[in-house]
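Got a structure for you, written out below as structure tokens; questions coming shortly.
When the chains are written out, they are named A, B, C and D in that same order, and each has its own residue count from 1.
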Amino acid sequence: MTKIMNIASNYVDESLEGLCLAHPSLCFVGDERRVIARSQAKDRGKVGIASGGGYGHLPLFCGYVGTGLLDACAVGNVFEGPTVGSALDSIETSDGGAGTLCLIGNYGGDRMNFEMAAAMAGDNDIRTRTVLGTDDVASAGEDEADNRRGVAGLLFAYKCAGAAAEAGEDLETVTRIAQKAVDRTRTIGFALAPCLPPGRDTTAFTVEPGTVDFGMGIHGEPGLWHRPFTSADDLAMEMIDRLMAERVSGMSSKVAILVNSLGASPYEELFILYRGARRLLNERGYEESLTMVGPYVTSMEMAGASISLCFVDEELETLLAAPAGCPFWRTS
Amino acid sequence: MAVTPQTIKAALDHIAGDTAYIENRLNEADARLGDGDTGTMLARMIGVMTQVDVDPAETVGAYLGRLAKASARSTGSSFGTLIIAALMAVSRATANADRIEASETASMFSIARKEMTSRGKTELGAKTVIDSLARIEAATDGVVSTQEAITRIGQAADAALDAFRDKPCRVGRARIFGDVSIGNDDPGMLAVKLIIGTMFDDDAATDRAVTSNMPR
Amino acid sequence: MTKIMNIASNYVDESLEGLCLAHPSLCFVGDERRVIARSQAKDRGKVGIASGGGYGHLPLFCGYVGTGLLDACAVGNVFEGPTVGSALDSIETSDGGAGTLCLIGNYGGDRMNFEMAAAMAGDNDIRTRTVLGTDDVASAGEDEADNRRGVAGLLFAYKCAGAAAEAGEDLETVTRIAQKAVDRTRTIGFALAPCLPPGRDTTAFTVEPGTVDFGMGIHGEPGLWHRPFTSADDLAMEMIDRLMAERVSGMSSKVAILVNSLGASPYEELFILYRGARRLLNERGYEESLTMVGPYVTSMEMAGASISLCFVDEELETLLAAPAGCPFWRTS
Amino acid sequence: MAVTPQTIKAALDHIAGDTAYIENRLNEADARLGDGDTGTMLARMIGVMTQVDVDPAETVGAYLGRLAKASARSTGSSFGTLIIAALMAVSRATANADRIEASETASMFSIARKEMTSRGKTELGAKTVIDSLARIEAATDGVVSTQEAITRIGQAADAALDAFRDKPCRVGRARIFGDVSIGNDDPGMLAVKLIIGTMFDDDAATDRAVTSNMPR
């Protein structure tokens, strides 16, 4: 698909510039201009929440900088982790003296760079903890759940940790909560059409028109199967089945649900998918605590969708409902 | 002839002439198992590295350190980060050296491999760049001439690919897709072959003709 | 592109069902189940705002039912106006005794059906006024501005009229304000890839890959020109030039801007386009009063974008800033 | 033979057999000037109409009124709404009639045209369905036999298309695209030909073969 851009090598920087111009609540930090932070002065004493990741997934990652969510976010190139320098900048900016939680997706580059940055921050007396989003059930078996990729479900961890930090909880508590949100969140997605990384001649992967690549990652990592598309309800069924297949410790009958567009799939169709998923959840005795349907974690113009479920307990439910605001999402 | 900042720079310039080909091959390999960007990232990194001029007075370590720092501003991808970390480690080990002798080849690869292993939290045998480095390390143990080192590096990079092609990936994006990864080269391992192999090898064109005819 | 749906003939109804399940602030009204209204009890005495239009443009039209925006909205089939029956239902539901403004896009079917419905409502003693959105400068020359199609700029009229109604203004005032917002709003768009109406084998129109169809309507109505894509900045320039080419009575140096995705074009690229447009506006001495960048008026998976400018005066600026909330947009 | 609810129903069933072809042709025509949906809308409307059973005791007007009401629940598109409005108008005029005589043909088309003109706010000559109806109205003025009426309707529908093909559209979506609309048939006018023409015409297949060979 034709991309609305100038030159490919400026894709990220020009887009970030537009983002900050459109949303004065966001500003640049650091000399690489690859860290987005809250514009308003930071709360001394609040635990910081830093994140980071590759570009091309807006609103994720840096779009979630805002009250009750992230303090700062490092931005990599399209589908590449942030550099160690910007990871460090994001940590330093987030920190208000009470330590900073690095809350990122479980991708090699992102993890390694935040690890190195956290070590450097430690040298400057900043306490850090790290929690990795690992919600994509398609990316590894239950026995290897810690190795899973982090995808749309990271949003629940952002929200819960962000609310806890805003409420004045300490670093250990915020870390525990983020980890709990991760542990209780599962995502599965499917792609219907690929995306084109800027500057490339061909899409990063292909999806035969009319077929579904089920379990595909948000960068086009291969999925579990591909077959002809049948119906939204069939997909909803397989997705919910797979999300429910694993037990969650202290699993409750309340779930937060995110039906997410990977980019090109329109709201109209997300609601059709949501309708199918919602019926199944109700049939199985689940009640919804938070419902989100929209483009929250995308892959540019990739078509397809993901469903994330967070099996909430009372603590998470309260944190998910707490007021928060960023350019792409508001709760209150 | 030993390895000096000048020879490294010359080798980088040499590969820079071939990046379009390398970029496509590696993207293609990564598209089957990962997100299809290994080549683009590497081409960009090589471009950045060739911008770093050699200071005639500096040690190998100083030059490698500057290469690592420049690269570190260009990417945060897995492979890129591993390369940067390895460069830093070798840079520290050669901080005072004007040159790396052929006989030190194996120990340099060992330093790189160990750094990647601890950063990447990946064991030998997982079908990653680390396996290629380990093979090269073993193959270059005891070499004394640069020419011999170059030959053995090339052979070991090939041998590593052959040895792992039909094994499943056990790390990174392709981890659970045993079936998908079998028969496909790991992009990081392939990069070692194409980069390190091409770096010192004027016969790269021949090699290219061969690989581009390989069944897909 | 593969559509996430069950059967084509249920596309609209299942999607609306999902919409209302996901957003309890919305509910169905009328036996055709093709009117979406606010769930909370209506304010007696408030002027009602009813709208309606074809489906496939979410958040437009029915997504803008909410406080400070629409009271009810009739929903047609994909790209077809609402029936006269649902138009009537939307008027009756909106009315709280103080009359109802029908605020719709200028499309033949929509206009005729609301006209007939308004006549029927009159028989039931409901006072109505009608204002037609006519913002698409590509769809007719300046001399025929009243014949223009209504596209994304309708949102500004919704917002201003909705705020005025919420503030207790009477029907004449709300109508005057809606008309003023329409008169001061201009939109131009371009398509980069077509969309597929559900149940059809082929896309409604074609766009040669790598080319731009400039001035195309949100249903794929032919544009002003098509040429190879050059750059985001070039497009921004031509768009701003065309939007600025016509004088607006009482034109001020403040504009509200909406950079809108037609569907598949991602946020990343909207921000690149916005950056270009913003620079031009600033160079030309304009100041932005309200900035919106995102998928606000789409055509399912059509790729491309539109820019709308509303040349605000003080009254409109205040109304645009007033608190409002619907599932897809919140101001406060 | 005059027009009765039964003959109308039979004609509707007859076209219903041909909707796939009509749908494609009209969508294609609308895709060049509008939003490409005239055919899909019309096919759906015909489907809805054929669901309306004839009550042997009812007048033509009663039956047409029920057709209009059923259709009115199926679409709100421009053309659909104009058709519904026209059906309602003719229904009112035939509220007490058991049949429409051939000699009344022109006045029925006149009623339909006038209703569409006032609803659509469109003058004659704008290259819309209204121009087709006006031509048919003129051509059927004074006819006495059904067969003659049918022949003239078909000829007038063709003549209207020929007369307007190379004129620009002046209404609706295609209004400002003079250049685009020149040489292309207006989908509403084409619909008149395909529907009214096919309705009573068993030679539709021949016609289809001819039109599908027309240059695109």
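Throughout what follows, a residue touches a chain if its C-beta (ideal position, glycine included) is under 8 Å from a C-beta of that chain, and two chains touch if they have at least 3 such contacts.
Since this is a predicted model, take the numbers as computed values, not measurements.
A.B. asks: Which chain has its C-alpha centroid farthest away from the centroid of chain A?
C.D. replies: In terms of C-alpha centroids, the chain at the greatest distance from chain A is D.
A.B. asks: In angstrom, rounded to a whole number, how far apart do the mean CA points of chain A and chain D lie?
C.D. replies: Centres of chain A and chain D (C-alpha means) sit 54 Å apart.
A.B. asks: Could you grab the centroid distance between chain B and chain D? Build each centroid from C-alpha atoms only and quote it in angstrom.
C.D. replies: Computed value for the inter-centroid distance: 72 Å.
A.B. asks: Compute the distance, rounded to whole Å, between the mean C-alpha positions of chain A and chain C.
C.D. replies: The separation of the two C-alpha centroids amounts to 30 Å.
A.B. asks: Could you pull out the residues of chain B that touch at least 2 other chains?
C.D. replies: Residues: none.
A.B. asks: At which residue positions does chain C touch at least two other chains?
C.D. replies: Residues: none.
A.B. asks: So how do the chains connect up here, line, ring, star, complete, or something else (other)?
C.D. replies: Contact pattern: an open line, chains touching in sequence.
A.B. asks: If we use the touch criterion from the header, which chain pairs count as touching?
C.D. replies: After working through each pair, the chains in contact turn out to be A-B, A-C, C-D.
A.B. asks: Where on chain A is chain B touching in the complex?
C.D. replies: For chain A paired with chain B, touching residues are 32, 52, 54, 76-77, 79-87, 107-110, 112-113, 115-116, 139-141, 144, 147, 149, 197, 199-200, 204-205, 217, 219-222.
A.B. asks: Tell me, which parts of chain D touch chain C in their complex?
C.D. replies: Within the complex, chain D contacts chain C at residues 27, 31-37, 40-41, 72-82, 84-85, 119-120, 172-177, 180.
A.B. asks: Which bits of chain C are touching chain A when the two form their complex?
C.D. replies: 1-7, 11, 14-19, 21-23, 55-56, 58-59, 63, 192-193, 209-212, 229, 231-233, 235, 259, 263-276, 278, 291, 293-295, 298, 300-301, 303, 305, 328, 330
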